[in-house]
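Next come two complexes, and both contain chain A; in the first it sits with chain B, in the second with chain C.
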Partner chain A sequence: MSERVDSESDAESPLRQVRREVETGRWDGVVGVALALIGVGVVARQPPLVLVGAVGVGYALHARLGEAPEATLDVTRTVSDASPDPGDEVTVTVRAHNAGDAVLPDLRLVDGVPPGLEAVDGPARVATALAPGATATFEYAVRASRGEHRWEPLRAVARDAAGSRERTTDIESASPTRIVCTPELAAGGDLPLRGLTTTYHGRVPTAVGGSGVEFHATREYRRGDPATRIDWNRRARTGELSTLELREERAATVVLLVDARESAYVAPEPDAETAVEASVGAAGQAFTALLGGGDRVGIATLGPLDCWLPPGAGSVHAARGRETLATDPALAPTPSDERFYRSLWFRRFRRRLPVDAQVLFFTPLVDDAAASLARRIDAHGHLVTVLSPDATATATTGNRLVRFERRARLRELRSAGIRAVEWGGERGGQESGERGGQESGEREGRGGAESFAVAVARATGRWSR
Partner chain B sequence: MRPLVAVGVAAVAVGFVAAFDRGLAAALDPSTAVVTLVGLFGAVQGLRYASARRSRDRRTTDLGEPERRVRATVPGSDLDAEIARVASSSRGGYRSRSALRDRVREVAIANVARERNCSTAEAARAVESGTWTDDPTAAAFLADDAPYPLRVRLRVAVSGESRYGFGLRTAVDAIGRVEADGSGTEAGR
Partner chain C sequence: MSARPVAERDPRPPTATVVSSLLAAGIAALAALVAAPIGGAVVGLAGAGFVAGAVRRSPRTLSRAAGTGAVGIALAGALGGATEPLLVSGVALVLAWDLADHGMSLGEQVGRAGRTRRNAAVHAGATLFAGALSAGIVYGVYLAAAGNRPVAALALLLFGAVALASALT
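Moving on to the complex of A and B:
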């Protein structure tokens, strides 16, 4: 975060970065044509042909003498809504003012739309000519999606009048443009947790007797036990006093771990939502559901950029969690370029993880590293539940092989005693096998995609606590 | 090339001198033949320049497509490139070929073990002997010594596809069938 601000303030002073001048080769060969015409004119003794050749020489000179002007533009960019909801169309207006003294006879402007956004209305570019002091304006719309999106510099390509040379300039707008899109966290259903709990009261039933609602055991009466907990039936039968023990329900500490390595930015189709988006959406649902149930919830990412929201509770924590899931750079809509050091990450993660925390690990599980990490965390005593959006495809041989490998990984995790749920994907219902019979027939059908909540609800029935 | 350059430089030098020294200009014979020759030379050179242009591309800055969202990778698309590369090279790439084959074999063994409810070692034997699938091509791809059926050999020879690539595709399809069977039995559980 701090790095980005630094680089931006560096860029404040030189807003324009002139790249290079290149020859386009547009008039290459005109000399040849001119020479050929003159030669033919001489051979045929035809003065008009020689004259026509001279015109060609004129063009060649025109192309040689010109120089690509520098695009000294002042760019201002305005967005219609700086904090839109997901799916909203945001209109972006770009104004480029020619602040230099030179006429720009051939100018192309291409706006630096953030990589995570898609322009839906009109191209984000314009071709124009600008006299000194003139202003060009163009407008386009982007569809907002989750995350904080910063615009990259506008790229201006200025050519000389003949078009034989061009110069590229990257121009930052006067004030940096960004939109922040924070989705409302959808309330998720009941998310089953594993039996690792804190000492606080909550919703996760434990194997500890105490106060609660569900019967656990009886024990002999001790002085001071509340009268309401005495087993009066037994007293009537045997004459002995005994006390009912109820199953204690305690709160859990949960850390939502989202896989945001570069390998997790995969999708069944190039244009589809990536597994990271699906994971973040599901993590949001889990976050609200668990926080509502009185558990302490934290957020971490598995990726090159550090993101750690310690487990907590309360409305401030809820707001912080929502913001983290929406705009944290570690969960950006496009992968980060930084390198990921797995063992360093794991050491740091373990140091931060509270002893009584269990982990909900959201990962597409398309590589072995994710599966082995889940087992390692589990082995360190933090019970792990793997929640895996299915991002695999079936179109090609390679796609299918990776799909089978992922399935095998899920089975291995389950046989190692780690709970795993998958959702989405092209073949819903695979998990419970309700549609197992017709599955092979409708392999290509995408109608069967299963939502996170449905998958969890279905899995809950199978799990014992 | 050098002599040609020397002739060219000499000709230009004579031309410059002739522009100032009328004596030299008079000595040159401006006959029809010489003028025609110079004209022809010019025409030929001109055509050469012009045609050289045709093979050259215009260099313009690639403006890219900022309007589109960054495209996500489809899991396994890199594997497809790898398969295509390994399958097309007839010689060499032995190591990558066997690495890919091992990867397919591992998945096959895991699936067979699950479907037949047997140990991994037994499944490995089934895959090695080729009894894990009905498809002889898929069996041959992973087996130690099972030959490809003649029909496949002919087909591969005619189509020009490599036998390895064809076998790999068939084997993965066969695993898909085993996998679908397996989830069917899982449903009954």
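Moving on to the complex of A and C:
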């Protein structure tokens, strides 16, 4: 098998790039068999055998004479819907026109389906033969998922008639194909935040007395306190003037930090939603809920690609956030190939993070790095809430070990004073409790998967003071 | 706990190629049976080998089956089989092997569910044409010129042709 990369031969077309040319070697040995038959024929003095051997020599010539044809194809690809909703089926039609002068007797086409998409109806492949000027058309469907998906070049494998040589060519379509799928952000319920707030009015109750709606404390009357805030009952009882203090409600600055390292692309089953997908969905809910509550919300990712949406408010910011969560390459449905440098990332993140920002950290918690990072951010004064989609399975001993380790990490975080919510997973139930022991999971048995909103509502009940 | 894989594709060879390979192998066995019964049985064994190789997706099994078929033809020829059935058997045997092997590569690269019929038909046609052409030429030359020549002279002539072919390539 000889192999060589040849990119000069087709220099006139930048759309086509020859990847490799190989001898398939499928006719190897035919000459040997032919000569053996001739030999037997000579020894046995049987002319028919010599003739059969001669036919074998003819096959050897057939195998040698061909030349791997150049796949000079013009490819056009059309999609039925360039901006589908998640879960929609998008029909992709590929037309390959043989623009060269050579017959392509054996042509296999493999379309470059984006890694984040899945061909659902028919394979994105075809094998055919094309005369000059002929066109091959094939169709398949993909199920749209969140993100921006670009098609990769179509790969054409052309063999000669005998199949003894093959040439692989990558062919770009005339105009690049892409679909953008931007899901609507699900409306989220109330999300309890921790007590780190800005000076602005909002909805996070603080431990500061002032004006508000909820009772906080009473204090001595000071000259100038409004008459409506004087505790008249007490005045009637004791004759002393005192003033009611109400709990101040302030707005918070929140940064949604989504774990998108390669290790976070995990799922309990091969075709299940990855933890990154689950995190992005939950972050979307949190984003709308917090923004609706008057908090300032930003988005960041923990991963090799940089993604930073500074905290902000308003409808423009909401649209920008939706777009970031849907199509940012840092949150792509498949992991990126770049390397991730943790300390560099952390320094940059710290520099960007506003002083009064708290962090909602979405991570599957499948390695110690995520847990230690949550503690580090918390130690720097940015209160952290860990929201963890459960991507563990129970099928094998290894699965169960990973599950156990993750559980231990959650416990450790909680004992360090970091709030943690987990959702999803095979077993619903109480195991997301603050001090939830592993035995409670067994007690609950096999419930359905718990959704993010339900998990948060349950946690809110626990956290209320 | 694994990264999300691409949807599975059925890598088995397309049914059409397997069936037509079996058909060609049947013809080969039948023709060899006409030439000499034992040879026919061995060629039939080769046909079974092609099917097994296609099902197990093992090129090695296919090569071995093809070798078995060649042995069968050699046996039939050595036992004094006639020229015509032997030639037919040889061409059909090569076609059977070629279809099985081609189907396997189609299964690997395109999959069973893909559209492959046209490709397989063109490929089989080319192989059949090459076989029929060379068998026709050889048989014609044999009838016209070498009918009364000794076998050794014929073999020497062929050896010259092979040497020429090697030099050409």
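Operating definition for what follows: the second predicted complex is superposed on the first by the 408 of 465 C-alpha atoms of A that agree within 3 Å, B and C clash if a C-alpha of one lies under 4 Å from a C-alpha of the other, contacts with A are read in each partner's own complex, and residues count from 1 in each chain.
Note that contacts are C-beta pairs under 8 Å (C-beta built on N, C-alpha and C of every residue); 3 or more make two chains touch, one makes a residue touch a chain.
Note that this is a predicted model, so its numbers are computed, not measured.
Contacts of A:Ala127 after superposition on the shared chain: chain C is touched, whereas chain B is not. Using the contact criterion defined above for the overlaid structures, shared-chain residue A:Asn233 touches neither chain B nor chain C, since it reaches no partner. Of the two partner chains placed by the overlay, neither chain B nor chain C lies in contact with A:Ser343.
Touch criterion met: A:His62 reaches chain C, while chain B stays clear of it. Touch criterion met: A:Glu23 reaches chain B, while chain C stays clear of it.
Look at A:Gly112: by the touch rule set out above, it reaches chain B but stays clear of chain C. Looking at the shared chain after the overlay, A:Glu405 reaches chain B, while chain C stays out of its contact range.
In the superposed model, A:Ser315 lies in contact with neither chain B nor chain C. When both complexes are overlaid on chain A, the residue A:Val157 reaches chain B and chain C alike. Chain A uses residues 24, 26, 29, 31, 33-38, 40-42, 108, 110, 115, 118-119, 123, 125, 157, 265-268, 270-271, 274, 333-334, 366, 391-393, 398-399, 402 to touch chain B in one structure and chain C in the other. Residues 1-7, 9, 35, 63, 66-67, 70, 73-74, 77-78, 80-83, 86-87, 89-91, 94, 98, 101-102, 105-106, 109-111, 113-116, 118-120, 122-123, 126-127, 130-131, 133-135, 137-139, 142, 146, 151-152, 154-155, 158-159, 161-162, 165, 168-169 of chain C touch chain A in their complex. On chain B, the positions that touch chain A within their shared complex are 35-36, 38-54, 56-61, 63-64, 66-83, 103-104, 107, 110-111, 114, 168-169, 172-173, 175-177, 179-180, 183-184, 186-189. The touching residues of chain A, counted against chain C in their complex, run 24, 26, 29, 31, 33-38, 40-42, 44-62, 64-65, 105-108, 110, 115, 118-120, 122-123, 125-129, 138, 157, 161-163, 262, 265-268, 270-271, 274, 333-335, 366, 391-393, 398-399, 402. Residue ranges on chain A touching chain B, taken from their complex, read 22-26, 28-29, 31-43, 108, 110-113, 115-119, 123-125, 140, 152, 155, 157, 166, 168, 265-272, 274, 333-334, 364, 366, 391-393, 395-408, 411, 430, 432-434, 436-437, 439-440.
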